[in-house]
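Here come two complexes built around chain A, the first alongside chain B, the second alongside chain C.
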Partner chain A sequence: MYAQLVKTAGTGVKTREEMSDDERNFQDRVDRDEKIEPKDWMPDDYRATLIRQIGQHAHSEIVGQLPEGNWITRAPTLERKAILLAKVQDEAGHGLYLYCAAETLGVTRDELTEELLSGRMKYSSIFNYPTLNWADIGAVGWLVDGAAIMNQVPLQRTSYGPYSRAMIRICKEESFHQRQGYDIMMKMAQGSDAQRKMAQDALNRFWYPSLMMFGPSDKDSVHSAQSLAWKIKIDTNDELRQRFVDQTVPQAKYLGLTIPDEHLKWNEERGAHDFSEPDWTEFFNVIKGKGPCNVDRMEARVAAWEDGAWVRDGLLAHARKTSAARTAAE
Partner chain B sequence: MSKEWPLWEVFIRGQHGLNHRHVGSLHAPDAEMAIKNARDVYTRRNEGVSIWVVEAVHIAASSPEEKGPLYEPSNSKVYRHPTFFDIPEDVGHM
Partner chain C sequence: MADNDALFEFLLRLGDNSLILGHRVSEWCGHSPVLEEDIALANTALDLIGQTQMWLGLAGEVEGKGRTADDLAFLRDAWDFRNVLLCELPNGDFGQTLMRQFLYDAWSQIMLGHLTQSTDARVAEIAAKAAKEVAYHVERSGDTVIGLGDGTEESHARMQAALDYLWPYVGEMFDGDAVDAAMTKAGIAPDPASLREDYDALVRDVLRKATLTVPTDVFHHKGGRTGYMHTEHLGHLLTQMQWLQRAYPGATW
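So, the complex of A and B:
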């Protein structure tokens, strides 16, 4: 999930008696699957939680360009390079769709950027892992984008109109990302021994961090219960993780690769795979800034923002000057 | 004065002569850059043949509270729909 550990504002789900008239009308609209639009009345906590969630999602798309951007200059063929370039450009676009959706809730783009750069807002833990070789680019597309799709497809039905519309656009484009990743994995897995080893190594390193993308179990969380009631969260983290594992196991099998989990097995009774939990201590460390690449990622974002300041200011000054000259001429 | 680029709403006309349709928004310093950015952000897969951009502050919008007075009057005018009229089958397609 691109938005992990989003803290839901408020104290949990209210009973109908505890709700004000406005809150009751609002909840009824959500229950009827009506979309909530920017100018509609909404509880302050719904607005605050959505800004956090969409903001974190947008930041993840933007920071998510870095591990893959790392390989644009080193892609093995011109075709792979063009494909990767298009994918990374898509991620930038996805970040922009989401920032715009967040802005409809009354936060500005600069505020969101500053929250990211100051570390007050987070991005997905997955982007704090390095991409060490070309097989990692395959694994990222296959697993990381695969996990993102698992989370984003249900969010197309989220209650907030602008967020839902952004998710629909994103999902349309995201499938290409996963397939290009799997395509790289197929080439590697069917290649030489050395290539197959690289593919297996990439799977070994990205498997558990991908499972962490969905966040820790939240089936007993009052905050998640509120987000589910507001339909800004559609499934629990465990449901999404299970779906991801069940979908990925046969894909790994086709590649002839082994998922690095000795406890992974089909459970006939549940009709689903049993699997090992990732190391949640590692997850919380990465979230706190102690992952392998946290410092690099933030430095890259801060440098992009600061080095681009003169361009932003220059273009704005030019626009104001031309507009003033035009007004004077009229 | 704010240093943030203004917000523009983007409208794209797809193929086959359909109307321009709102697709989202973006920030840009001026109209020319807004169109260039809209090309990159909203037409990466041949989504359009024409782009309109309008600075968001110039859009006037109805408010949700006006829903009743604005749209209820048409609720009672069912005769505006062709299905209101029963035409005998013998008449044929109309």
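So, the complex of A and C:
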């Protein structure tokens, strides 16, 4: 989910007859739910697609620090400040595991960073929305992490071993974050009039961007079939979105908040909620760099990288001197 | 000065140091030069905020007026803060942040070592917990100061500039007054001046390895730990940190 619109490499799903022997063996292993490990043979397109997907996921964790980091210095109590710091620290840690998982596919963290900073690789559209009041920190945990979990829980079963293992660790922390987010929402919803107003305002602004996190509708998602066959995508975008809505509606009700969708209603026949589609024009604009915060987010990441160049160079130079001195002493 | 008032004041000094420095470090979140440093800075800030909760929590208890750690952190004005000036100075570049951290960590480690022997069991208990965290902080900040001081020409120049800027704020940590005299007399805490020898040994060793030159001027700024005169920076930090509590008084978060 932190990966959207990942373009699957290749020409689409091949029939068994079209596959080479290696490809057939590979697909058989995937079908038997065996994990593919870094040294195993894999199709080039599988490798390329995974690099895109894991890279985009890692970038999302890193850029995702910014909207929440925006409130660390204004957190209202010492405990809230500590919880938020720990959460943002976890996200940096997730970025680290994911970059490591991507490195097993033969791409370095620095190469992926270059791709992000030059705009060739994307991160989740959600992080291009601003956090404007304290309830937004609750909404990010509740809705954004909630949507992330929807997608990441199935990805624990993904075919690529290092990615699957990273997901298992990440999911444990994400579900904790979601509970913390909901806890903030509870405090706000049960608080003063001003706090309830903040909570509703946060839900109003984050609802549709959260639905967009799952990516465009299946009918418009041309790349899914191959990724599903390779088990680097487990469920379709619409299945996940539906599951998210069905889970979230009663939670919003419990909070006494109103989901900003007049068409939202329970459909007895389907056993699921009917709901309005997000504005996909807005989504594609955000993806193209025209979201409320795209420019600021990228500027912050570029500044961190460029301003930090002397630090990385300095530490590297020292490490070389130390290892040269050690070699000379031996 | 009544012993209880002195103890309250002393605890504010400890709690405000970790609160204000922790806040400063937390400003880095998401903006560090390397991912590992982002994680390490957030971790340091987190430890410092945790120490704040313990020191200010005890301060409120000792004061006996029902104020919580949050009340003390979010509802006092600048003149009531008792942190040393070093902690409130701006982050500057990454080098200045890490130099400030090292100069503080070195003092903190030595101070906490003494406080674990405090005659006040509550103080000794908090110190023992904090000392474990600070042992790691000083190792990391010291290593980073060495790595950057003895790195490239540019990193060396930046670290020397950071040291030159921060050094005049080091002396305040060793100043003493009636509060310290009361603490020393009661066996709660050491005389601040008595920590200087160990501090100089530790700090000069690291700075020598970092190929940096310790300024020779012995002048130092003061006014933070007594609250007499903070820097202009503290007020801005508080406007941000205290905003929600001030704008929505009495709300539960």
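Everything below uses one rule, namely that the second predicted complex is superposed on the first by the 326 of 330 C-alpha atoms of A that agree within 3 Å, B and C clash if a C-alpha of one lies under 4 Å from a C-alpha of the other, contacts with A are read in each partner's own complex, and residues count from 1 in each chain.
The rule is short, and it goes like this: a contact is a pair of C-beta atoms (placed from the backbone, for glycine too) under 8 Å apart; a residue touches a chain by one contact, two chains touch by 3 or more.
These numbers were taken from a predicted model, which means no experiment stands behind them.
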> Per the overlay, which chain contacts more chain A residues, chain B or chain C?
Replying inline: C
> What is the contact status of A:Tyr97 with respect to chain B (first) and chain C (second): first, second, both, or neither?
Replying inline: first
>> Just to be sure I read the superposition right, which of the two partners does A:Ser323 touch: chain B = first, chain C = second, or both, or neither?
In response: first
>> In the overlaid three-chain picture, which partner chain does A:Lys81 touch, first (chain B) or second (chain C), both, or neither?
In response: second
> First (chain B), second (chain C), both or neither: which does A:Gly191 touch?
Replying inline: second
> Counting only touches as set out at the top, which of chain B and chain C does A:Arg312 meet: first, second, both, neither?
Replying inline: both
>> If we overlay the two complexes on their shared chain A, which of chain B and chain C does A:Thr108 touch? Say first, second, both or neither.
In response: first
>> Contacts for A:Ser20 in the overlay, against chain B (first) and chain C (second): which applies, first, second, both or neither?
In response: neither
>> Going by the contact rule set out at the top, does A:Gln89 touch chain B (first), chain C (second), both, or neither?
In response: both
> If you stack the two complexes on chain A, which partner ends up touching A:Ser175: first (chain B), second (chain C), both, or neither?
Replying inline: neither
>> Residues of chain A that sit at the chain B interface in one complex and at the chain C interface in the other, please.
In response: 86, 89, 93, 96, 109, 312-313, 315-316, 318-319
> In their complex, what parts of chain A are in touch with chain B?
Replying inline: 37, 39-41, 86, 89-90, 93, 96-97, 100, 103, 108-110, 165-166, 169, 173, 312-313, 315-316, 318-319, 322-323
>> Which stretch or stretches of chain A touch chain C in the complex?
In response: 62, 65-66, 69, 72-82, 85-86, 88-89, 92-93, 95-96, 99, 109, 134, 184, 187, 191-192, 194-195, 300, 303-305, 307-319, 321
>> Under the definition above, what is the set of chain C residues touching chain A in their complex?
In response: 19, 23, 26-27, 29-39, 42-43, 45-46, 49-50, 52-53, 56, 69-70, 73-74, 93-95, 144, 146-148, 150-152, 154-156, 158, 240-241, 243-245, 248, 250-253
> Mind pulling up the chain B residues that touch chain A in the complex?
Replying inline: 3-5, 7, 24-27, 29-30, 33, 40-41, 44-45, 61, 63-64
